[in-house]
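Once you've had a glance at the structure underneath, I'll fire off some questions.
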Amino acid sequence: MDGIEVRWLREEPGTAEVLIEGLPGIGHVGKLVAEHLIEELHAEKIAEIYSLYFPPQVIIGADGVARLARNEIFLHGGNQGIAFLVGDYQSASAEGHYLLADAYLDIAARLGVRRIYTLGGYGVGHLVTEPRVLSAVNREELRPAVEAAGGGFNRDEPPGGIIGASGLLLGLSLRRGMEAVCLMGETSGYLVDPRAASGVLNVLSALTGITVDRSQLETRAAEMESIIAKLTESERAGDEDALRYIG
Amino acid sequence: MDGIEVRWLREEPGTAEVLIEGLPGIGHVGKLVAEHLIEELHAEKIAEIYSLYFPPQVIIGADGVARLARNEIFLHGGNQGIAFLVGDYQSASAEGHYLLADAYLDIAARLGVRRIYTLGGYGVGHLVTEPRVLSAVNREELRPAVEAAGGGFNRDEPPGGIIGASGLLLGLSLRRGMEAVCLMGETSGYLVDPRAASGVLNVLSALTGITVDRSQLETRAAEMESIIAKLTESERAGDEDALRYIG
Amino acid sequence: MDGIEVRWLREEPGTAEVLIEGLPGIGHVGKLVAEHLIEELHAEKIAEIYSLYFPPQVIIGADGVARLARNEIFLHGGNQGIAFLVGDYQSASAEGHYLLADAYLDIAARLGVRRIYTLGGYGVGHLVTEPRVLSAVNREELRPAVEAAGGGFNRDEPPGGIIGASGLLLGLSLRRGMEAVCLMGETSGYLVDPRAASGVLNVLSALTGITVDRSQLETRAAEMESIIAKLTESERAGDEDALRYIG
Amino acid sequence: MDGIEVRWLREEPGTAEVLIEGLPGIGHVGKLVAEHLIEELHAEKIAEIYSLYFPPQVIIGADGVARLARNEIFLHGGNQGIAFLVGDYQSASAEGHYLLADAYLDIAARLGVRRIYTLGGYGVGHLVTEPRVLSAVNREELRPAVEAAGGGFNRDEPPGGIIGASGLLLGLSLRRGMEAVCLMGETSGYLVDPRAASGVLNVLSALTGITVDRSQLETRAAEMESIIAKLTESERAGDEDALRYIG
């Protein structure tokens, strides 16, 4: 296995003007929005990404079939195609984050992407009744349109910058001539947060013109939360031992 | 020393239809089953694996002779040969897990292996009176046979997927055209668990036709537990200092 | 993205006899002094350094524009040019520290640097009323001049040596024939410390002849402290989750 | 800077039948014995080892001059030369331990070394009134001589094997045809332990015929302890902040 493997699932991958990233992160806000869009738009999977920078494990499907941890590219081919980057993990190492982000941008370049939206959560550590959507851009001229769509810009928020793919895709895409916007839904960070996701979806819809039914958003959040709750419980029970013996 | 070194102990390594992996893991269930089978079947060691992805240490034998940490391949040459992968450690780094799993599959390919069984424990954090055997496969068509042999498939168990060699061998063998089944004996995770091992052995015997005497299984578990207990005590006493000075 | 990328911002980078390093560190003493000098001397940025050894994140400017974490080289072209090395981070890995320090010295060599000053803090864990400036050199013959300028040498202080760029630039520059002096302002380590910075500035001015207005020093320290305080608060609130989901 | 750099300090490095390793470790037993021998035998430094696998820092000498962390080879040229491996650190990463141990063996091979003694401590976590010397060998035929010299072999001690250079040099030298013996002085692990060192020295003298005055052994232990105590205090005060800002 190479450091990073991209498996294209069809010969002609197609084209997309826009790439929407929703990898796992704070409150799983980005993941929830991106997976909801993929479902509602019936986007088609066109590529899988495998890497030794992902955690060394397999995921077991509902059918009992194990598969390697992976990220995926979906494509919705409308007037202007829209690609999605979703999946299981970000990176297990700091250097892997950079190398994977570059690989995602190679894929974006091949699809002809000109603008990237990275979606995430902004964890504030307490419950939020009216979640804001905080934003960042990789070129100042993108800011008015984001503000008009409802994305806020608050000095020093988030103060530590943006960690992981949602951040690096902004920084690294600039040198490839791509525009990039990061939308972060304010969230406690404790649960998969459909309200934060709904806020991000509002801004994203205004910016891209994508509109989808939202009746399944809460259901999807609840399902995702249920999986994560089991994961957390399992980690408490067995993982310390697991790491000890394996390490 | 290269990243991973495979030392073949005889010129013609032989052939095996099946590879059974039992590296250290939760409750040492897989290790106990695989080492028990090796002993009872008088399997012969045919290869040693050394790697700088293992922890940087030597193991001291009962005779006072130190040897590098290593994993080993044993072969039992019956009608269809059966190979075993056992040893001291998995990997000290996330990337090493992937690289080592690929090296194990290179060995499997050289032996002509067509099916892999990976054996492990499923830690639940409390004592279990009737331990189940949870299963995963790398192709859905393997599932009926595993169920008929007593292997269970429960949605969301284990919820975090399968970490380490037992998982990666399922995921990475698929692309080499090998079938793979993971059998996990339910265990508290606190002690080397002969009951979980016995359950795994039941399912494995039904699937492979291998039958062995089990009178030594409890004795072997007790010996393994005794070694681990001393290790744990020693880690409490000295290792924090060791790591500090060495680091 | 390569391991380390240096982007020169003009064709002829210019020349400098002296390089002053002030990367983030204990009490941000070095960072405060170097950034103060850059502002007061109106030094010009001549290069940016990007690296996958930096933490995988982007920094968001006051205008909402995200940029990759980076370090920077500034140049003040007086009689003898003075270069400055400042920026966002040191390294996320031990090996990266060495590789980045070598890259900084490649830049220094290209500018013709003959002497390096590395600036930092010496954390003592309690408030200090009259902060000393502790020193280290990479050649013994540099010591009298440093002492005459007010830099102290106390056996076994700091007892653990000097960690990171401020240390490695001393050790690694020797083999390139460059002289190097480290000045460490005694500080509690708890806050961005303008008094420690002022002490370092005294010694540095006496050694280099650089004199600048200091009326903004306290203001800059307060601004820097405010940013760091927000960062710390944010880390408490959300980062554990962030790391968990991302990892 | 390459991964590992060996700087020979004279053109003809000389020859040695024996290499004695005493890098930092539990109770600094090995370091104390090896440095004591170097002093008493007036051994000469013949090589320095630099590596990006060492912690990224410089050590400050009593004269205020900083130097890169490094390990060193000394040579005492008697009837049969004796080489010593001592220094500042082992490795900052698991893989570095393997790579450095191989580099030490390249040096040993160049000097013509046929037998290696690695010296260390065996931390038991409580004060020991009559410290034993535990032993390990890399060939069983070495054991009688070690036992005759007072080195003990106790099954399952140390139960976790031997971590770091003292262990890897045993394991990795075997494949180069070198004999190797590890001598571990039983120690609480809390302080630099001259009694454990004295015990190791007894066994080593009986095995090698080297006899040295021991009147300075306690003094050297006290000096080493004083440096380490300052280091520990300093780490408590400042290092958490240091790592945080630098990381």
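Labels for the chains are A, B, C and D, by order of writing; each one numbers its residues from 1.
Criterion: a contact is a pair of C-beta atoms (placed from the backbone, for glycine too) under 8 Å apart; a residue touches a chain by one contact, two chains touch by 3 or more.
Model, not experiment: these values are computed from the prediction.
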Which one of the chains is farthest from chain B, going by Cα centres? C
Centroid of chain A to centroid of chain D, CA atoms only: how many Å? 49
Separation of mean Cα positions, chain D and chain B [Å, integer]: 35
So which bits of chain C are touching at least two other chains? 55, 92
Interchain contacts, given as pairs of chains that touch: A-B, A-C, B-D, C-D
Using the touch rule from the top, collect the residues of chain D that touch chain B in their complex. 24-28, 55, 90-92, 94-95, 97-99, 101-102, 122-126, 135-140, 143, 153, 155-156, 158-164, 167-168, 170-172, 174, 182, 189-190
Which residues of chain C touch chain A in their complex? 1, 52-53, 55-60, 62-69, 92-93, 227, 230-231, 233-239, 241-242, 245-247
